[in-house]
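Heads up, there are several structures right after this.
First chain A sits with chain B, and in the next complex the same chain sits with chain C.
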Partner chain A sequence: MDQFLQHIVNMFILGGTYALLGIGLTLIFGIMRVVNFAHGELYTFGAYFVYLASALLGMNFFVSLVIAIVFGCALGAAIEFILLRPIRSADIDTTMLVMIGAMIVMQNTEQYVWGGVAKSVNTPFGESALVLGPISVSWLRIFVFVAALALIAGSYLLINRTKLGKAMRATFQDRDTASLMGVNIQFIYMATFALGSSLAAAAGALLGPVYVISPQMGNLASLKAFAIVILGGLGSIGGATIGGFILAFAEEIGAGYISSGYRDAMGFLIIILVLMFKPTGLFARAERIG
Partner chain B sequence: MSIDRTIKLILPLAFAAGLVTQASAQTIKIGVNQPLTGPFAASGTYVVNGAKIAADEINAKGGVLGKKIELVIEDNKSNPTEAAAVAEKLITGDKVPVMMGAWGSSLTLAVMPKLMEYKVPMVVETSSSGKITTSGNPYIFRISPPSAIEAEAFKPMLPKLGIKKADFLVINNDWGRGASADFGKVLKDSGVSVGLVEIMDQSAQDMTAQLSKIKASDADTLIVTTAVEQLTLVLKQAHALGLKKQIITTGASQNPDQLIEQAGVAANNSMHLTTFLPWLPEDTPNPDATKYFISEWKKRGFNFAGTTESFRGYDGIRTIVAGIEKAGKAEPAAITEALWHVEVKGLNGTVKFAKVGPAGKESAQSTPNVYLVKIVDGKVTHPKL
Partner chain C sequence: MKRLFPWLVVLAFASIPLWLHDPYLLNACITTGIFIIAAMSLNLLLGYTGQLSLGHVAFFGIGAYASALTSLGLDVELIGGFRVVHEPWPVWMGFVLGVVIAGIFGYLVGKLSFRVRGAYFVIVTISFAEVVRLVALNWVELTQGPLALTSIPPFTFGLPGLGYVDLYGKVENFYLVLGVGVICQLVISRLTKSRVGRAMVALKENESLAVSVGIDVTRYLILAAVISAGIAGAAGSLYAHYLRIIDPDVFMFLYTVTMVIMVITGGKGTLAGPIVGGLIFGFIPVIARSFATPELQWILYGALMILIVFVLPQGIVPAIEKWFGVTDDKSATLEPVKP
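For the complex of A and B:
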């Protein structure tokens, strides 16, 4: 029973992490229809930025987080402006190839700048943990969980309750009509990509200190993020959140009670099952065909 | 362009090319096949830097057979396919008579068919999978311990560590699964029971599920096998979960200094089986050689934490050069034969090869020392067991 409670707590903490990875991608991949292979690299960028600001420049940890998110946002805007804007009317394959290229360039740049030795960031939480009877969880991860929920809620409100969010949704539903209604299309594309990128950087900034920071850390993050987004349904923030928790549940219970050798397989098994019965994901938006 | 001008341009080039060929004929080439980019980049670079110290030391003393040695260093990109391609390039392009490589077990295993094809020997400096020396490849000369040797060395320490029952948490590859099998066997032979055997994916960052299961078990010890990055995460996550078992790591790739730096208090009281003691040169088999190596390493401005990897590159090149010297000529067949008879005072004991694997096509394995170090209050100690 003690073990089960610990697994449940782990699942929530890990699920929050996964949800955070998923929402940034669901905005870009789900709404803009850009298969953002560089998502994991934006995540890595956020993590290294926290390392730079807090470990190397000695800034406050929480300030470093904010700086990493702001720079992630700026990098996203730059990628949109330089790489994606010129090929806006191109088909999905072209943008996919461009983003794969961006991923390779970014990962090799990280390797070149930071070297292969993994870095770690000290946080004000140290290695201390909250112990409640048989359950124990580190304060840092509780903080990350709370911050992730706040970011998810913020993104949800931004997309669904603000004028900017309404303009985003309108633009990606029908670009021409939105433009005729006076929406600044160029700005909306850039803002959406920048928002998705800053969420990826935020995930990296929050999770870098939990794990270790290395140039390859984005690969796994990317893989999980795509899985979560496909599971939850493209473009749905609620779907990505619940998708993240389902993936965490499958991995945690699978590793805890079935076999840890197949931990990652459990998550993907669930995704296959979901896609067999609901090919658009659990919470896909209704789409206009044609 | 007139013919006259062309000749004027080509002549000096041809002359220069001639000079280059002559220069290389006066050196003896040694191929070095290491991961310099990709996930194992840091470790591979350390090994190469250790190899360079050995080469410079040997060349300063006049080289071998009257010639300087020249390391031909190639990057296998932490990728088995590349490792095999690099070996082929070194053998057929650079015509190296002997090589050192290729860090990881999967990289070395990928190179091995090339050794058979071209009959060129390779000194294996880091890989620890048992398969490398048991698959019948007579061109393999391994100076790093496979897990079976490590487990044997661990056996006499068992009673003093008070282990009654141990769980395992290992990386999901030849190395990790091999270690859990070899250590499990030694534990059972010594009357210690084996509890859970948990697996973690090579790229996994979150091991809390496995550790929660281990926390709930009745074993008193957890034996972990993985590389330093993942080990850092295991220690931090075990600490956060309040895991109270003693943690012992195997594989000699743990880099305690990096653990202290990155896992902080979570690294305290963890124990590590290592094959080098740079922290305590006096406790090593050849204290003077160790001190020389460490001072040279520091002089070159490298990170001290790297010495637990780089000493293998140093020992590897010195073993190869001893082989060349004994062979009397820089030819693959002669070096292969001579390596069987070398005796090199390495930083981690004497390198001397014994036969292992199927009869008639045995591989060579030396038996390096294995130490158990313990991290106490952020410092590496060597408890006398």
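For the complex of A and C:
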């Protein structure tokens, strides 16, 4: 039972960052119809930006988190402008191949610049932990969970309460009509990709210090994000949030009670099962964003 | 002349061991050849039916493991104390079983994943490959996990009454790979020029139209998946018995990416495409290794992939054919129909 409670606690911490990853991807895939294979690399970049700012340049930990998110946003905008804008009318397979190319370039650039040795980041939380009876949670993990929730709430508000969000939702529903109504589609696409990228970078920036940072950490992140999107239904922030927690739960239970080697298989099994039996996702209310 | 040209190419390839004696380069030729066979099998799905299967390395790896385990023998305890013991069989049996088992997996994956299309199809195929990789990594009793299957026997060749020869050497393996490659290419060429091939191209160009004229789309897709998986399994088997060691890294996503780059660079949906693309990307590492670390080589790979999609979206072979005004393969070079 104690072990189970510990798994549940871990699920919440992992699930928060998975939800961030999933929301970023569901926005990009939903609005732009781009299968973003580089999503996991944005996640890795977020983690390395934190390492660069806080461990190498000696900045405050919280400031370096903000820097990581801002740089993730800028990197996303640059990728959109250089790689995706010129092939806007291309089919989904073409953009997929371009994003795979981008993933390979980015991952090996990380490997080249930082080397294969994993890095760790010291945080102001140190090793202190909150002990509640049989379970203990480090303060760092609690902070990660709270920050992830804040970012989820922030993106929900951005999509549902701002003018930019309204334009994004309009583009998701009908690109051509939105364009006729005066929505600047090019800008919306760039903003969407930048927002999705900064959420992925935020997930990496938050989770990186909890574990270690290595060039391969993003390898599975894109696919896990896809599992979340498929679970939650396309373009749904609420669905992606719940999907993130479900995936984290499945991984924790899988690792704890089946075999730790199969932790990463859980996401893939979820993908296969959901697509076989309920291809619209568990929470899709038609194809809608918000 | 047009009919002779492919055989002249085969002859040119066959002459390579006569003038090339450097073992490193010969090794590069053999591994390139194996990957060309894998790329040819991917081309059947990607180029002719238009389905981007990004889990193709799973069939390659399944072929490699099935073939290796058949020839090494195995002793595994399944759930419920059920024990499977298998005595080592000759290598050629391993090859056949590698092809068959990969084909069966192709059938199962096709049956499941062709229910969805586009991005979802891609994700299902990748997921399948990753699950297989994790099984290979964690089912240590069967696969030795990360410790790898070692001392896999090489191919043997022989005639009854004359005795058998082990194919340890590079030259022998080169001709073996070339022979298998030619057979696979003949199979694919026959298939794509038949009724089945035309049905595949029809469903690539316009699936709903193909359905409306009575083509059983799912049946042809699954047929393509089975043949494609079987050929990938053959390539995997060659790989296992040539290297004589395999570990779960054969299931790496980057190998699928390598096959995809080869196909799209050469020209998807053309018979010569995977060979041209395969030769280019097989020998880039040979040239690049003198001045670039592996990371830089991969960066080059990725950048080239983006560049080719931007500059030559149809690939090299169709561009050359257009340049010379040759269209030898009408079914494959049809202009795509814009809806």
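Rule of thumb we're sticking to: the second predicted complex is superposed on the first by the 262 of 290 C-alpha atoms of A that agree within 3 Å, B and C clash if a C-alpha of one lies under 4 Å from a C-alpha of the other, contacts with A are read in each partner's own complex, and residues count from 1 in each chain.
One rule holds in what follows: a residue touches a chain if its C-beta (ideal position, glycine included) is under 8 Å from a C-beta of that chain, and two chains touch if they have at least 3 such contacts.
The structure presented is a predicted model; accordingly, all values stated were derived computationally and were not measured.
*Asks:* Tell me which partner A:D264 touches in the superposition: chain B (first), chain C (second), both or neither.
*Replies:* A:D264 contacts both chain B and chain C.
*Asks:* Have a look at where A:L275 lands relative to chain B and chain C in the superposition and call it first, second, both or neither.
*Replies:* Only chain C is touched by A:L275; chain B is not.
*Asks:* State whether A:Q111 touches chain B only (first), chain C only (second), both chains, or neither.
*Replies:* A:Q111 contacts both chain B and chain C.
*Asks:* Could you say whether A:S214 touches chain B, chain C, both of them, or neither, answering first, second, both or neither?
*Replies:* After superposing on A, A:S214 lies in contact with chain B but is clear of chain C.
*Asks:* Have a look at where A:I87 lands relative to chain B and chain C in the superposition and call it first, second, both or neither.
*Replies:* The second partner, chain C, only.
*Asks:* With the touch criterion stated at the top, can you tell me which chain A residues are shared between the chain B interface and the chain C interface?
*Replies:* Overlap of chain B and chain C footprints on chain A: residues 111, 219-220, 259, 261, 264.
*Asks:* Which of the residues in chain A end up touching chain C in this complex?
*Replies:* 29, 35, 83, 86-87, 90, 92-94, 96-98, 100-105, 107-109, 111-112, 219-220, 223, 226-227, 230, 259, 261-262, 264-265, 267-269, 271-272, 275-276, 279
*Asks:* Please name which positions on chain C make contact with chain A in the complex.
*Replies:* Against chain A, chain C makes touches at 52, 112-113, 115-116, 118-120, 122-124, 126-128, 130-131, 134-135, 137-138, 253-254, 257, 260, 264, 293, 295-296, 298-299, 301-306, 309-310, 313.
*Asks:* Can you check the complex and tell me which residues of chain A touch chain B?
*Replies:* Touch list, chain A to chain B: 2-3, 6-7, 10, 13-14, 17, 111, 115-120, 122, 126-127, 129, 131, 136-138, 141, 211-212, 214, 216-217, 219-220, 251-252, 254-256, 259-261, 263-264.
*Asks:* Help me check something: in the complex, which residues belonging to chain B touch chain A?
*Replies:* 37-42, 45, 172, 198-201, 203-206, 208-210, 212-213, 215-216, 228-229, 232-233, 236, 239-242, 258, 261-266, 303
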